[in-house]
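The chains carry the letters A, B and C, assigned in the order they are written, with residues numbered from 1 in each.
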């Protein structure tokens, strides 16, 4: 039992060390700084600039959070503060079902629904031509994928708010919305931040659904209708060539290491915030 | 004469919560500018009665209220009544202090700001006045911008009282407001109640008979959702008419 | 007064709208998949392997991917359980005096849960290279096992924590050893274990990124652990990329199959969770 526990916990370190070990060749060939900021990607010459991929990841994740966060905060407020408990009992199972849908299905939905929507109905209002395969499509699909995660965390946070605190504000003659805006949201802020950080780290690592809709063009996007090429998609798309070109496998493992480090940090941060919040409320 | 004019008038009030009949046929007039204590064993419905006065039950599901509660002659359960207007008339002091998640100053200024006072000067005056009224000014005047949660529990409760007074209420509702406090803080709050009754009508829920005796002019004894006895403090405690009241206050007399 | 009430109404409207979008997205997704997939749904889809190559062949079904997915998800869940049950018991029953350590371990598993499957896939690939394995059923099972361990540990951990302390104490005070007590606890949480299996299986069967490097792909049903195996999500992904309409259609139908399978699993586990907690309280 102890052995299994130690082994599975040390998985974190083993993965980190393993990926780092495999990244050493490309790191010897270049510096961290150069790898992160260069835009030149010429595997045959041993040049690996991750900048466009990092920007692709940031664009897609940013769009997803901008779409999902307000929607989820409003939804949670409605479910917890306003709606009859019946609404929650009916709605939450569907949110849970949504979280069970595999990424590839989100990808298929993106191709069948979001891409045509952007191509025919949204993009024409803003740009001359768009295939629909864009960071916006990736962002929308990702946003829907992180709905359940954000809603369920914020629901939990809101439900720990003491009724007396709300009563105190209401008793002063504040309306319900004023109470929500000035007291509840302020008190729930750390929880909302933790949910966001967790959602960001989830969005960072999402591979297949994003890969299917965001165009995979390795240039830094300049508008939401441009195609992007996030890091996970880079890894997934090129695994076939990995072994045939020297240093290529090392570069892709470096990409995986990058994802691993960022997501590890974000996860730890949000877990610490959430645990603190839990402790403060139960104290 | 004005002193005994009814400020809150309850008529045929019945409250059901989740199918349980919590308050039964309540009829009572609560007088102006005096302290009225609601006493009774726990679970008898005294807090529920207090909460019907400012409709805080609205926030809970499954609560059904019938009958009338008149405040200054206006039925607060009338659908046309503006609920925020009713609540502004009453300050609530709950069992434990719940400072809002903001600074000391902003806690007191919260109510006035909501009701449209924006000017810093006006707010400054209100904050200082109410903090003085609750004997808190000297303790906090140098740290008005620090978080309210850093105050001691006793200070927090006085801050909550100041916060309630800042919206200019006519009535103060206290729900076992001293039960979480130490004896010194308790006596400060009790003294404040006695002082404040010159300007406000005060209704307190308490299960401490000595406290009811110390601060109140009138006592309402509630048992099992019904009002058993209602009268002047002295009479209810010394010479109760009802057998049930006699049983309940027995501990006090000895 | 008017302005304040208008503001309240406005935001309440926004909240209802947001709730409809968030709740409606589920129906939109499932609806789209049904609408596109149903016309291509045939009996052959479920019973035949692809004819003439999965990318260009117009005939046959995806039996290879269905079986492959069952093997990978089933194998990973079984392997994951063998590792996770002892871990969950250890955290809950052998670390009585070390609450901080136990909670830190829980956090580590939460963090492991947050690591994306592409990283597990890449790491699984590293292990395979290290041991000289080719992309195969075994490789896929190993990578997916890593992916489901954190899920299984945390689910089992939550379930074990619902077992009343009295039950454990009663067993212990009767003179049982901790291991015997653990067996009592395991019996008490049997429905919880089934829930954990369902959740893990549902996650495993839907994942692409972890099997992409490790399981390979094949038009045939694997007959040994060392043969490459097709999986449903990967089959969907590849078929969708085909220029041939019939193959794309098969991709939609495959998506429908996967959606139905995962929905059934999720609903079952939700019902079990509900029943389990009702039973407890």
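Assorted remarks:
Rule of thumb we're sticking to: a contact is a pair of C-beta atoms (placed from the backbone, for glycine too) under 8 Å apart; a residue touches a chain by one contact, two chains touch by 3 or more.
Everything quoted here is computed from the prediction, not taken from an experiment.
Ranked by how close its C-alpha mean sits to the mean of all protein C-alpha atoms, the top chain is A. The chain with its Cα centre farthest from the Cα centre of chain A is B.
Note: centroid distance chain A to chain C, computed from Cα atoms, is 19 Å. Note: centroid distance chain A to chain B, computed from Cα atoms, is 48 Å. Chain B and chain C, compared by their mean Cα positions, are separated by 54 Å.
Within chain A, contacts with two or more other chains are made by residues 175, 178. Shared interface positions of chain C, defined as residues touching 2 or more other chains, are 4. Shared interface positions of chain B, i.e. residues touching 2 or more other chains, are given as 84-85.
For chain B in complex with chain A, the touching residues are 54, 56, 59, 61, 84-85, 87-88, 90-92, 94-96, 98, 100-102, 110-111, 114-115, 160, 163-164, 167, 173. Chain C meets chain A in the complex at residues 4-5, 7-8, 11-12, 14-19, 21-23, 25-30, 32-33, 36, 83-84, 86-87, 89-91, 94, 103, 105, 107-112, 114-120, 122-123, 125-127, 146, 149, 153, 202, 205-209, 212-213, 233, 236-237, 240, 251-252, 255, 258-259, 262-263, 265-267, 270.
By the touch rule above, chain A contacts chain B in their complex via residues 84-85, 162-175, 178, 182-183, 186-187. Residue ranges on chain A touching chain C, taken from their complex, read 1-2, 4-5, 7-9, 11-12, 15, 18-19, 22, 70-72, 74-75, 77-79, 82-83, 87, 91, 93-98, 100-109, 111-113, 144, 147, 151, 175-178, 180, 198, 201-202, 204-208, 212, 232, 235-236, 239, 252-253, 256, 259-260, 263-264, 266-268, 271, 275.
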